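Both complexes shown next keep chain A, but they swap its partner, so chain B is in the first and chain C is in the second.
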Partner chain A sequence: MKVLKTGKLEQVIDRLAQQADVYVPMLRGQQSGFYSWKTYNEDFDDLMFDILNVYQSPKHLILPQTEKMYSFRQEGQEVSIEEVAADIEPKVIMGIRSCDVRGIEYLDEVFLTKGYVDEFYKARRDKITIIANACYNPGKNCFCDSMGVSPTDPEAADVIMREVNGGYVWDVKTEKGEAITKQIEDLLEEQDVELFSLKPFLRKVEYDGVAEKLKDMFEHPMWEKYSEPCQTCGICTYLCPTCYCFDIQVKAWGDEGYRFRCWDSCMYHEYTQMAGGHNPREAAKERFRNRFLHKLQFFPERYGRPLCTGCGRCIVACPTGVSIIKIIDEVKEAETGA
Partner chain B sequence: MNYTKEIREIATRLLESGQVDMVMAWEKGDQEYQTIPFVARTVDEVNRIVCDEYAVHNLANHLLRFRDGKEKIAIVAKGCDSRGIVRLLEDNQIKRDRLYVIGVACTGVKDPLQAMKANSGFERKKDQDEGLASKCLYCIQPNPVIYDELVGEELPLPELQGRFARIEEIENMSVDERYKFFEDILSTCIRCYACRQHCVACNCRTCIFDETRPQWVGRENNISDNMMYHLVRASHMAGRCIECGECERVCPVNIPLMLINRKLIKDINGFFGPYEAGMEYVEGNKPPLSVYRENDPDDFL
Partner chain C sequence: MHNCSCENPLVPGIVEVVKIIDETPDIKNFYVRSENGVPFNVMPGQLAMVSLVPVGEGMFSVSWQEENDHLEFAIKRTGLMTDELHKIEVGQKLGVRGPYGNGFPVEECKGKNMLFIAGGIGLAPLRSFIKYCFKHREDYGKITILYGSRSAADLCFKDELFEKWPQEKDTEVYVTIDNPEEGWDGHVGFVPAYLEELNPSPEGTIAVICGPPIMIKFALQSLEKMGYNDEQVITTLEMRMKCGIGKCGRCNIGSEYICLDGPVFNLAQLKQLPPEW
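For the complex of A and B:
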């Protein structure tokens, strides 16, 4: 087996960074997320391959929070439109966990399948190489295996790093993975090591049958009940590796301007605000219900799998203690007419 | 702090007699350190109520959901929460006679979010206990300033140290340093607006940041829109923030928002004071920037 010794980790990142912008999990001050190795400062940043996961999911690397689409200028009766040059640097996302890899798989489905290819997304996605970090030790709020994600074998990974004593097994999965391995081959060592076995999950949830059951639960009292503490703050959706809603807006001054897209959230009032002033999702209950129906019913109806990877972020970060596990449990237990 | 037993007794009495339609308090979440907001509407639900050391949330914010209704609402309020209630009363968001305030003399609370994060695996393990929520370290009034019934013994006012120490350090920076400082901390804001959503002083029906015609503040995530957001919000908080710390507590990326709020508190007190927001409810009272007085200072303009 090829092994990357912990002591050579930074050397490997340095090497990869010669040909791509490498994003790695870091603790930066009070924040944690995937940051570019170019911005790493050893006085402030703490490289975090050895903790479970980071708060800010890496989805922004493929679906940036703000992205310019084109700029325009009015000249007399004419309008000239200029595409924003898609000069996109290759990226490596290194140290990403299975749940977040699955997040990217879901984004791929949304932006690349069912007859429409989002060119902005595709341009970024094509240039991304994923070096995942397999999990053998799930956290207190992880439930990826309940959502059909294997913590040790992320599907869309190009390389999987498997933590072993003293380093990581370097497990190449795809051609992209081979290509990137060529750059660092001399830093890997051939060695026989024993892999850890996966520790049991502390959290479990039964998702089977939930999507089907939800069809009859639009008016169920549980939405009123569970949305009671929710302040519709959107933290859950902004941290979630799968939430992909965006809005398209414009910034204009004088005769010119540009159009951009930016993240949006179904938890926001403005999200469903209509031109005439009516809002079909006026209160927390309706917005809260939409968030869960989208994840647990509408998305599976269209793509076959739920839009939740079990990463646990929304559970950890919700200021009022809303838990998607509880919602799924409740749906399972609910009495419905059907 | 644990007033669970007392609050349950009061809640039972109020709901049984029909004096109120609901009691806003807390219940336990999934983990032992998770306490979450809960509204009891029937006597049967009362045994879910808790009021323990993790009852950090400012429930006053939750009253906004009922501002157009007629329900009579009992609400449990710590010192800071009670100032939040005053905020809503001064802002004409709810009528005093719809409320039955169950005040609790607060010995400080812990933040379940911090505990949740520390135990999730998303942080390096810390061995020491999180301790009190950061807002409690600078609490000026642990006793409820408005109540119909008090639980616990009124506490002596804390002797505060260092409430403005960090603010003074920042005031002493050069203009450029200060600009850089705020640029640094605000550049990482992800503009989720959670600080607004959880804030009792952010009670406008239509928030300026949600207006689209015209759109006052752009939705791009960049330093200029981020700064604009925080500047506008700060100016709306001046004299109105009741220092409950919810904004900073909930921020998913830990922006130190209380630095901004404490600067405002300090300046409002300096220019218009002595003034601390929401410290007593006198009908008709308004915060300093909500009224015009001939002798208002203006030399800072």
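For the complex of A and C:
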């Protein structure tokens, strides 16, 4: 087995950073997230390969919070439109956990399949190499395996790093992974090591049959009950590695400007507000219900799998204690007419 | 329905407004043309995103495509973007991208009698189908058009309604306004009531409805009473849209995206969806 010794980790990152912008998990100030190695400052940042899922998922590296689409200019009645040639650097996301890799798999399905390819997304995605970090010791909020995610074998990873005593097994999965491994081959060592075994999950939830059952629960009183505390702040949607909704907006000064897209949230009133005044999801409860049905019923109906990776972020971050686990449990227990 | 091209589906092409017709005090019909005539081919009932730089963009039903020549968008003033759109003049350049959505089932309706029921600006999407039927007249049976609006001034496409369409073979056109007014000697009353009065037979017929939600709701009840089954009734849904390609998320009802899987559904399909329409 190829092994990367912990002592050589920074050397490997340095080497990869010669050809790509390498994002690694760090604790910066109070917040953990994926930050560019170029911005690493040892006085402020802690490199944290042992952290489980960081506070902010790395979805913004493929789906930026704001992204220019094209610029325009108006002169009298004339209009010109110019695509913004995005200068996209190759990126390596290193140390990403299975739950967030699954998030990227779902973004791939949304943006690359079902009739249209989103060119903005594709341009970034094509240049991303994923070096995942397998989990053997799930955290207290983790429930990825309940949502069908393997914590040790993320599907879309190009390389999987597997923590062992003194370093990581370097497990190459794809051609992209091989290409990147060539750059650092001399820093790896051939060695026989024993892999850890996966420790049991503390959180469990039973998702089986939930999508099916929800079909008859649109009017169930649970939506009233669970949405009651929700402040529709949208934090859950921004931190979620799978939430992908975006808005398209315009920035103009005088006769020129550009159109850009930016993250949006289904929790917001404006999200479905129509020009004529009608809003099909006027009440917070209706938006809350749509969010959870999208994750647990609508997305599975369309794409085959639930739009939740079990990372646990929304449960930790929600200021009012809303928990997708409680919602799944309630669906599981509910008596339905069916 | 998307004609595959390698171009970015979210970036508009440029068209020129070549004609503007004042249909009603708050509806204008814009004819737009690209260098090649039409920017893309549109089937009846499909949508396109129209953008007025630098104000904004909005999704509209294409109310007619004159082949190789121009697209028509009948647009009602309802907010900031459409207010500005109503101020432009012929010669103005606009951005347009599309076509989006499934469109009307023109093939499946072949050989059927067609009953078109519209209220207000709801005639705009139906018009593309109506004109398509006339263009392929031999493919469709009897055509009945029932259209209503608040007042006579609010009726759009008057020339077609009163002059052209009634001349077409095996075609009946019925027009009504909500309240009596001076100079109007036509029918007065709401569309659903008029529909029941006319009582067109469901036999071999497809009903296509578009209009304000309240009209749709009552017209659906009337059709049911008259013996139309859910597969015989087609309507179009409206939701807020941004991308048009099933990505941005907002136009869903249940697991269907109105921009991609819709906007046209039959009643049987609608009844499978959560009641948010």
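Simple rule for what comes next: the second predicted complex is superposed on the first by the 338 of 338 C-alpha atoms of A that agree within 3 Å, B and C clash if a C-alpha of one lies under 4 Å from a C-alpha of the other, contacts with A are read in each partner's own complex, and residues count from 1 in each chain.
Quick note on the criterion: contacts are C-beta pairs under 8 Å (C-beta built on N, C-alpha and C of every residue); 3 or more make two chains touch, one makes a residue touch a chain.
Quantities reported herein were computed from a predicted structural model and do not represent experimental measurements.
Overlaying the two complexes via chain A leaves chain B and chain C side by side, clear of any clash. In the superposed model, the vertex angle chain B-chain A-chain C (Cα centres) comes to 90 degrees (nearest 10).
In the superposition on chain A, A:G257 makes contact with chain C only, while chain B stays out of contact range.
With both structures placed on the common chain, the touch criterion links A:Q273 to chain B and to chain C.
By the touch criterion defined above, A:G312 reaches chain B but does not reach chain C. By the touch criterion stated above, A:E189 is placed in contact with neither chain B nor chain C. Contact with chain C, but none with chain B, is seen for A:Y244 once the two complexes are overlaid on the shared chain.
Within the superposed three-chain model, A:G139 lies in touch with chain B and out of touch with chain C [touch as defined at top]. Using the contact criterion defined above for the overlaid structures, shared-chain residue A:E224 touches neither chain B nor chain C, since it reaches no partner.
When the two complexes are overlaid on their common chain A, residue A:C233 makes contact with chain B while staying clear of chain C. After overlaying the two complexes on the shared chain, residue contacts for A:S323 are found with chain B alone; chain C is out of touch. Minimum Cα-Cα distance between chain B and chain C in the superposed model: 6 Å.
Counting contacts by the rule stated earlier, residues 247, 273 of chain A appear in both its interface with chain B and its interface with chain C.
Within the complex, the chain C residues that touch chain A are 2, 8-14, 51, 53-58, 78-82, 88-89, 91-95, 213, 238-240, 242-243, 245-250, 252-255, 260, 274-277. Taken in their complex, chain A has these residues touching chain B: 27, 29-32, 46, 48, 51-56, 65-66, 139-142, 228-229, 231-235, 238-239, 247, 249, 251, 260, 262-263, 265, 268-270, 273, 283-284, 312-313, 315-317, 319-321, 323, 325-326. Only residues 29-31, 34-39, 57, 61-62, 65, 112-113, 116-117, 119-124, 188, 190-194, 197-198, 210, 212, 215, 218-222, 246, 249-250, 252-254, 256 of chain B touch chain A when the two sit together in their complex. Contacts from chain A toward chain C in the complex involve residues 69-70, 72-74, 77-81, 83, 110-111, 114-120, 218, 244-248, 250, 252, 255-257, 259, 261, 264, 266, 271-276, 278, 280-281, 286, 290, 293-294, 297-299, 301-302.
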